[in-house]
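Letters are used for the chains, namely A, B, C and D, taken in the order the chains are written, and counting of residues starts over at 1 for each.
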């Protein structure tokens, strides 16, 4: 980065980019005509791929690295605007909230194998633990719902700790098998054992906070009514914003450094005094907690949990989101989540051919863009780091 | 994304419709079912059947509206189901729906339909709770529940003097539900269950379970599940020398079952709600038309129900116009409606109350209605107790 | 329980274990030469089974009557075509991703598997439904009490074990095998001494996939039914077997295969609800991995620092 | 020489892999501030010794004392905290990370790793960070004037010699009492090696009392920097003493030229 850009970084390209993304999101959720959807999707992918290479991209990067705070607020504002624009459109809001919550779960996975290198092929299982916790607690106890969400996270973390020992002792493919086995085991168990509704699954009551019921539409004037999904979308947005802040501070600290050290070279890390086990446990648990919270919120939004929603295949989709986005890059993960979750919904023509095309798409990305859509950049401990 | 001949057919149909009566008002219906994943065969069959109904209606000059079918995939996953149900319900241009093969998904989505006031007719999900667990005016069902099915099955089989059953069911809602109700009614009718075996829906090998069963020496093996598993289990029964009558549920009343087993299918029994399609004039037409369209996949056990449901909905619309509330109350009023699956009359919970259950047996590679089979008139014999 | 019944269980376990072992050996071969897990393996097996079926239909359409000939034709065509498929996957999906993080490789092969599976489901006529697989082997059987020994099962078990032994001999006794082991040991050196690394990798993948095809045909001939999803669980189980046994080790793969079959059979006998058997089997797998982090027959090489 | 002057003492240190013995009852003594050259043919157990010393390999037998305290069988982390740092034969920098990050990995002992501190006390963190940046800059400058400006580039962007320099810096930044250098010359030209050695010697001036054990094939290097040499062959110490004496020893020549019997 040239010194000049460092002294007074121009903010407008970054704001412009945020605006553009917001507009795109709006259009993408609005358009119905299949060719328009396809065009937008292709455009998005190309834009993402080009972004890093253009000078605009560089400028945006510079701005974000030097003056993150105003830009972050800008982004939050833009997101809220998009949500507000759909205030009456149930389906769009549901999609938005879904993307945000899956994104939250995938951020958890990012901490796990993007930072600490602990592969987790049972993300959906921990997502499910959160969901089932919410189902049980919200139905059978009077626990206030914020605590229910927390409980979902805690329980996911706790159940994850069952896998900690095997994961610490094993490496690479051996570790992968542990989580794969758990993913299958978990789903089968839920199905076979009737205590938690068996294959039927369970109903989950809607969320209420401070006397506010998320499942009621919000009357506005005489006839206009805002979708009840608005509450969920806004709430998910806040959750996600919080998670992003956490991720950022985690990555830009000695913690992030330690996780990277452990991921890249366990032996060297140990030789320089890093407690490998401690960092792996921290990352794995933190990741599962995020997945659990996301799962709990998602369950309360959709109002139903069943084993069929938390299969190994679901976990794979989460893993592909994390890798497609760019391993270790939260923003990339969100972009990928939006692409992977919304595109099939919009492209109804392809119906039963969806998975075929999706898999093909992932293969292409892995072949020609192995680092993902938005690769992770060097760590910047502080705003404007390494630019003076 | 439809096969070419079908696309051609579609064009013709549209041309006809357009030519016959200038521009009719377009009305949208939604079909929801599993188009991907393990049970997609049934979902695709249902989708095609509903599509066929719409096609025929559009080709009919007397129809007041031109219908468009929006087909959505619920992947047999409740969360996806809620998603697509919301999409359909919140789209005001969609007037009514023909929805769900998987009971879990139906259970998850009924609240959505109720909240958004979208009248739907369930075409395949058999769990009683879908209609009976709550009183939602929007939710109707043309197919019977597993209750009716198993009541008849139990009475009929004990009537044939069988006494010892071994039960295999898959651990999906479908299999588990069937196990529950069949066991209940069998007990009432004095049959005995010597062993019950839950198996996962994607299981390939059943030798361990069947070896156990062989040791229990049942006269009948009751299977609660759908075709793929049924085929595997029946085949492996033969491998391990388990000599017993194979009694299935509506889930195996499909060509795929017979194609999958060849001669081994002979003598398999199964029960399905509704009248025997082949015997109703409408049913014959349905099958002919279906084959004429050259769809990729057969209608499967519940295609006819999707067809009937689609027609039921369209008739309601023809009568009261494309208005959700009106259509809903019209559907609620359904009495003695003649369909390809027989008379449809909704009870106070909008469940098709016509308790007609057809018994099927495989004879010479075809599902034959029991009464006209050579087994009924004694020409052939099932494995005797 | 009486002996004949026990015998029946053992026989079932043997059949199952043979199939698992055939899959596991493939995994372990790939890992040996390239340190990769090719997760499409199970679906390659499935495609193998369908290739066999198509070959059967083709041959009988050509008027071939003799079951022996048909069996031979089915197996040959499956083995050959799938060997090619395996090599192709290695050439265009696996090799290009060497150097990328292993998780990328895992994911790309998983996705390749999905493509194969979905393709069969959508493009094979009525592929969403199970397909009958012809009974080509003598079906007559002898019974001792509860034990029914069918000749076809016996033949298949023998065939499967034979094929594994054949691969083992190939790897240990031939020059090709020497080359494979050399590459497995240390690919740099192997290249230095002028071995064509890529060719050896491709050959290895061809062999492993051929074995999978054979396993697919075996499963078809045994269950007389194949379906687009059959590879899904077989793949995961084969992988588990290979890992539990100790990756890169043929004996380990075989051991793992039979172990897993044993666990499932045991689980099915123990639990009131047999569906718990997979929960049981996979739980044990996790425990075994905790106990022996690099598998029952551990890899020899200590990590180079 | 007195007990206190001894920094490192190994007695009968042995390492075995399954059947073969990689290190056989090695006795070794290192004086405080000494530079010891460790030589021997490939596979003679030099690197194995380092790995055993740093706790990567478990010793099959023998005991080790460092700075008066026993460190036998301690974990790598504990040994690092005791003040032993090393480089690796094959460079083991974290190439995707910046040069600074790599140094901070070596600096682990001085980092405050508390969750609360890292996540919520950003201003305090910034201050600590600034201190470490300065130390890193100073250390790099001591090795090469141009290195500090490249501090925020990925380590992978550096050339071979600079990577070596950074790796040595990573080992030195924690100011250890004993530095283990595993073939610093590997993959470098003669002049580069010479440069690097000068840098190391210079750095030693700034860290008084730093002792070094150096594994090296380039006899020139050994001759120049080491005060004493230990020769290993097949995991056994076959000779010990000043370089001149050691190279003259017939056993050593046999070990290198292969036995003539």
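In this section, a contact is a pair of C-beta atoms (placed from the backbone, for glycine too) under 8 Å apart; a residue touches a chain by one contact, two chains touch by 3 or more.
The structure displayed is predicted, hence computed values, not measured ones.
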{"item": "Reference subunit C; chain at largest CA-centroid distance", "value": "D"}
{"item": "Contact-richer chain pair (by C-beta pairs counted) among A-C and A-B", "value": "A-C"}
{"item": "Chain ID, smallest distance between chain and overall C-alpha centroids", "value": "A"}
{"item": "Intercentroid distance (Cα basis), subunit D paired with subunit C, Å", "value": "47"}
{"item": "Subunit B-subunit D separation of Cα centroids, rounded to whole Å", "value": "73"}
{"item": "Subunit A and subunit B, separation of their C-alpha mean positions in angstrom", "value": "38"}
{"item": "Contacts with 2+ other chains: residues of subunit D", "value": "56, 88"}
{"item": "Touching two or more other chains - residue numbers and ranges from subunit B", "value": "40, 44, 171, 198, 200"}
{"item": "Shared interface positions of subunit A, touching two or more other chains", "value": "188, 191-192, 267, 352-353, 355"}
{"item": "Residue numbers on subunit A that touch subunit D, as the complex places them", "value": "246, 249-250, 253-255, 257-258, 260-261, 264-265, 267-275, 378-379, 381-382, 385-386"}
{"item": "Complex contact set, residues of subunit B against subunit C", "value": "38, 40-41, 44, 171, 197-200, 202-205, 207-209, 211-212, 214-215, 227-228, 231-232, 235-236, 239-241, 254, 256, 259-262, 296-298"}
{"item": "Subunit A-facing residues of subunit B, complex", "value": "1, 35-36, 40, 44, 70-73, 76-80, 82-84, 86-87, 89-91, 102-104, 107-108, 111, 116, 127, 171-173, 176, 198, 200"}
{"item": "Partner subunit B, residues of subunit C touching it in the complex", "value": "1, 5, 8-9, 12, 15-16, 121, 125-126, 128-132, 141, 143, 146, 148, 150, 153, 219, 222-225, 227, 229-230, 232-234, 264-265, 268-269, 273-275, 277-278"}
{"item": "Subunit B-touching residues of subunit A, taken from the complex the two chains share", "value": "89-91, 94-95, 98, 188, 191-192, 198-201, 203, 227, 298, 302-306, 308-309, 345, 348-355"}
